[in-house]
Amino acid sequence: MTSFGESHGRAVGVVIDGLPAGLGVDLKKIQMWLDRRRPGQSKLVSNRRETDTISVLSGVYKDRTTGAPLTAVVHNEDVMSEFYDEIEAGWARPGHADYPAFVKYGGYNDPRGGGRFSARITVGFVIAGAISHSLIKERLGIDVAAYVKRIGTVEARDLSFEEASKRYEYSMRCPEAEVNGRMEEEVSSAKKDGDSVGGIIECLTTPLRPGLGQPVFSSLDSELAKGLFSIPAVKAVEFGAGFKASGWRGSRNNDTYEIKGSTIRTRTNNSGGVLGGLTMGEPLVVRVGFKPTSSIYLPQRTVNFKEMKEGVLSLKGRHDPCVVPRAVPIVESIVSFTLADMAIRSGMIGPVLGQDG
Amino acid sequence: MTSFGESHGRAVGVVIDGLPAGLGVDLKKIQMWLDRRRPGQSKLVSNRRETDTISVLSGVYKDRTTGAPLTAVVHNEDVMSEFYDEIEAGWARPGHADYPAFVKYGGYNDPRGGGRFSARITVGFVIAGAISHSLIKERLGIDVAAYVKRIGTVEARDLSFEEASKRYEYSMRCPEAEVNGRMEEEVSSAKKDGDSVGGIIECLTTPLRPGLGQPVFSSLDSELAKGLFSIPAVKAVEFGAGFKASGWRGSRNNDTYEIKGSTIRTRTNNSGGVLGGLTMGEPLVVRVGFKPTSSIYLPQRTVNFKEMKEGVLSLKGRHDPCVVPRAVPIVESIVSFTLADMAIRSGMIGPVLGQDG
Amino acid sequence: MTSFGESHGRAVGVVIDGLPAGLGVDLKKIQMWLDRRRPGQSKLVSNRRETDTISVLSGVYKDRTTGAPLTAVVHNEDVMSEFYDEIEAGWARPGHADYPAFVKYGGYNDPRGGGRFSARITVGFVIAGAISHSLIKERLGIDVAAYVKRIGTVEARDLSFEEASKRYEYSMRCPEAEVNGRMEEEVSSAKKDGDSVGGIIECLTTPLRPGLGQPVFSSLDSELAKGLFSIPAVKAVEFGAGFKASGWRGSRNNDTYEIKGSTIRTRTNNSGGVLGGLTMGEPLVVRVGFKPTSSIYLPQRTVNFKEMKEGVLSLKGRHDPCVVPRAVPIVESIVSFTLADMAIRSGMIGPVLGQDG
Amino acid sequence: MTSFGESHGRAVGVVIDGLPAGLGVDLKKIQMWLDRRRPGQSKLVSNRRETDTISVLSGVYKDRTTGAPLTAVVHNEDVMSEFYDEIEAGWARPGHADYPAFVKYGGYNDPRGGGRFSARITVGFVIAGAISHSLIKERLGIDVAAYVKRIGTVEARDLSFEEASKRYEYSMRCPEAEVNGRMEEEVSSAKKDGDSVGGIIECLTTPLRPGLGQPVFSSLDSELAKGLFSIPAVKAVEFGAGFKASGWRGSRNNDTYEIKGSTIRTRTNNSGGVLGGLTMGEPLVVRVGFKPTSSIYLPQRTVNFKEMKEGVLSLKGRHDPCVVPRAVPIVESIVSFTLADMAIRSGMIGPVLGQDG
């Protein structure tokens, strides 16, 4: 996957190379995934108005992949660059990459809306994710569902895959009606204060057949973590019992094996589905921690890095008080894409439809 | 870095390509780093006896790098493969990759001591880490120090870089004498029970100049996480405030900028030194969660994957009740290597000594 | 460089990652390079009508590169797919990839106009080449000029860089007026017969400072050859004396060194500017052999690979009797791009304008 | 394949990653291939005495690949570095990389015997080649045979694959007894004069099933050329009719298809087995031009790049008057390795023995 585009440039998009030939490309499905991450859907999120209409430039013929690189773009429409004059003037927004990007690129970077560092680049992730999801679903029977586990101080219990699957019926993507309601209040409250709030997304899959992943540096957890940390605002990733297991003994943490029908399974899934960097027959369980949105309306002390002086910055424009619900399809996309990539590299998915290994 | 080797093969090692020419290679320093991860150092760790003597095969001339690939190996000596007959017979050790590796490689993998999935492969990481540490220290003035933050239920307070630097004077690598003592007890107690225990390592650096890291998929946090999850037993990684920030509001989490002397700094470091995938002038703060050692002496229920039957496995051989203290130089190595790699890719370190960008 | 697009898809284009920030992007220059490879320029070439107008989607801000991936596309306009019904029906055009592509992609490939295997994909090469040329010219003072050395049986003498520089003033890109005229006749004659003809392009540069290139597998000649063989119809590549040197003795072939002013130069340039995969202070000299255009109007015996039967194919549509003159900017583009890539990898060009190594 | 080592370092070797698990590793076969490239075999070649004994460090268990990286080294034994004092003093050997390497690596490179630029690094290529040859032979039934087509002014006619297969029964690797004899004389004559001579190797395969290769930049010819130009002394590569086709018309060059039994074949093979970067059912035909050995005993004018003065250099030590016969297994190795690599990337060879696509 090659990602390109900026927040306020002409387009954001993606080139996906290595897709097998013959895979059905369902533009309606991709559009549905894009709509799930789109801003402007509820009164609680950023009201930037983008239709986010996908345009496929290459790699598809008669609604199927050709084996050639698939390129898809979404044009940027509702661009209000006037709100970004202060960044261009050198005022660093706390929590954003304005200042390090300025240093790194010698001031040549596109500063409008964070430019290359904007969450808008995840449009490309979602396009790749929707296509990858079709691939692993059709070829390997894998399904993926993430849900909002926590927003601020409100936390949901651990949900099953079936429960998680209903996520998009809930405004906060938390398929527990009562908890979802309290999450709404948490976001409303932050919004009212001109503030923002963070959260945690948990992503689950159906059981994954053993052997997906490549030791050492392309282990499944390595590749998933690499992808997940490329999502803006992600600060933490853990698999299975994660940090909790650091406090446990081996006798509690080890997942013991049993034979269930004709397959080998474990009684618990503290590993989160990954052992030695490989899948081992269980569902993937990965949790992703998001910091609160960096753009808040409250005045913040900061510096002007062009003039080397201190000051106070009050942001205008449109900002989500909480990006976590919108990030659910993004996390699902990174997981779907990484599983598809590993399946192709492991030889589980062949280069042409119907010629799998 | 290309890693190779198996637990009970002839050697483990590493090829490092892309090192600048002219870097001094101090074999004594590398050996010291290797000794820090070596088993058999105290009564609390595995008593496998390995001298772990480094042998450099290529890429060094007159004690300096030549610009050609540097290859270094450590030969395996104290190999007691007889303890691994049960794995070869098909009994899956809970928590290990025996079963998924068997499926992935069709039974052709080397099963002795976990083979390719053994923590012994980290010998190569440490060689690369020690050399990378010299590189970033000499060229960019960066220093790195990790310490044991938690073992089981015993947790240290947040330490400063200076405090953390004394880590190797303490048996458990926790430079708080009293906490180190309680950690020793935690491990002894697990050992006495034939059990094991997990823990957390926190890695700190000196302040990193802004701009290190490459958006999107090679962001600094993406690359660090990828490397850290390639260490066996790692299940969780977080930067700065990490998961805690998920429960906070933006006004609390955002690090506000100030001018200190002639440089721009932040008043807090909740970001852990990374914004938008780039360094921003602060020290790196990353925490790594290790699960408890999977090899325990307590009998465990499991299956024989060759004969598809259930049974009970009691491990013999030599196993650490807690790998966390030995993992400190490994975490430091991955961080040093990744910073060196990003510095080279960012053009901060040039291809020849004295010709930096 | 990531290339994408098909002959008769919506667009062809390129994503260029790793460009330094701050490089001026001159759309007029890129357009001029595109025009040089564009069909429909003279009565002797294909009369497919394309304006080939470049559209930059990302990576440029205020007419300079930002350090983010630069994406540029050219939309396909004059698409006459009706001439390609026979390929779709399974008739393999001799000399084209129709048949192997059908096998490789299980019939899912886009067959129209050769799809992904069409020379139209070189539009992307030329965009990357024009930008790369600006980079190496501005930062390293390198200039590049290719000319048509041979068409069919008509061959030009070895030209100097200064002579070669006038190539675009001549219809056949051979800056010897009389030879250019005879080349025109060679092409006219083939065209009249419904046939085609091949040729050789020689590419020269100004002297290249020593040390560009990476041993072993990314030697300068390896990378150049890899790029040049990705141009459709290329069947041969040689550097300096090339195949001729195979018949010589070492005492004749070795370029002896001398001191010229303050620099080290060689008296001859049989090496073509590359020793051990590195530049050595002399100009690059590389020759590229093109086979005659595979699409000819003469009836040819062939097979239908869908119905497994033999038959005779008479091509319609628009075909160049000789692609060699149009390939001159393509060869220059591959050479410019590869030199820029190697210069960046060698640290000769830094990541930001004015911060070179 | 990661290559490492220097001419006079401790060892040369290779790490091969991505080999399928379960492939038989026949050390005797690898040793035989190494012996074919070994110096000291006849009175006409360099009498450096190396036993070139292979040592496998990782990736093999019970004589089969495990799926983990395979590392093999050959230790350097007969190292006479005293002959290289003049290079170290700064005298550039014409035709060698001494001078550009000195500039590139700021003088830190290992100069002894050419160091990293020595043909001794091809030991690693041959190890990888012998293993790759087993892989493509066993899994895909592909065989590879190269022979010496030309030495100096003596040229053999085009040989069939069956004829070429007898190459190692002839001192000059030219399986035409009379021509082989004249080649011997050509080399003897150059040797007597203290000079050297170049040549051409042609490499053939058995017919390759269609579809091997990846457009655009990893086309089969691109990858083969990249590998072949990494062999020291190679200056030219052409496929099929190669440069000759540049003088032909399309009607002569196009290979027309016919049905032979149940397969599609071409009547001629001017393409050399590659169309659009893909195999198309015919044998591969590739010719590789070698310049004459750069090390000659005749005195040559040159410069001292450390002292910036001119002078005359007379080489001592051991030098082949013609490396071409010894390069036959090296060319076969690059071709075998590249075909194996492309077959794995195309999904024709699966990750585990018996699980091919």
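Quick notes
As written, the chain order gives the labels A, B, C and D, with residue 1 at the start of each chain.
Just so we're on the same page, a residue touches a chain if its C-beta (ideal position, glycine included) is under 8 Å from a C-beta of that chain, and two chains touch if they have at least 3 such contacts.
Keep in mind that this is a model prediction, so the values were computed, not measured.
Repeated interface, listed pairs B-C, A-B or A-C, reference C-D: A-B, with more than half of the contact pairs matching by residue number.
Among the other chains, the CA centroid farthest from that of chain A is the one of D. The mean-CA centres of chain A and chain D are about 46 angstrom from one another, to the nearest whole unit. If you average the Cα atoms of chain B and of chain D, the two centres end up 39 Å apart.
Residues of chain D found to touch two or more other chains are 3, 68, 104-105, 116, 215, 346, 351-352, 355.
On the side of chain D, the complex with chain C involves touching residues 1, 3, 92, 94-97, 99-101, 103-105, 114, 116-117, 121, 150, 152-153, 190, 193, 195-200, 209-211, 215-217, 219, 221-223, 225-230, 232, 234-243, 245-259, 262, 264, 266, 270-272, 275-281, 289-296, 298, 300-303, 305, 308-310, 346.
Contact residues on chain D toward chain B in their complex (touch as defined above): 2-6, 9-13, 15, 17, 21-22, 55-59, 61, 64-71, 73, 104-106, 108-110, 115-116, 351-355.
Of all residues in chain A, only 68, 215, 346-347, 350-352, 355-357 touch chain D in the complex they form.
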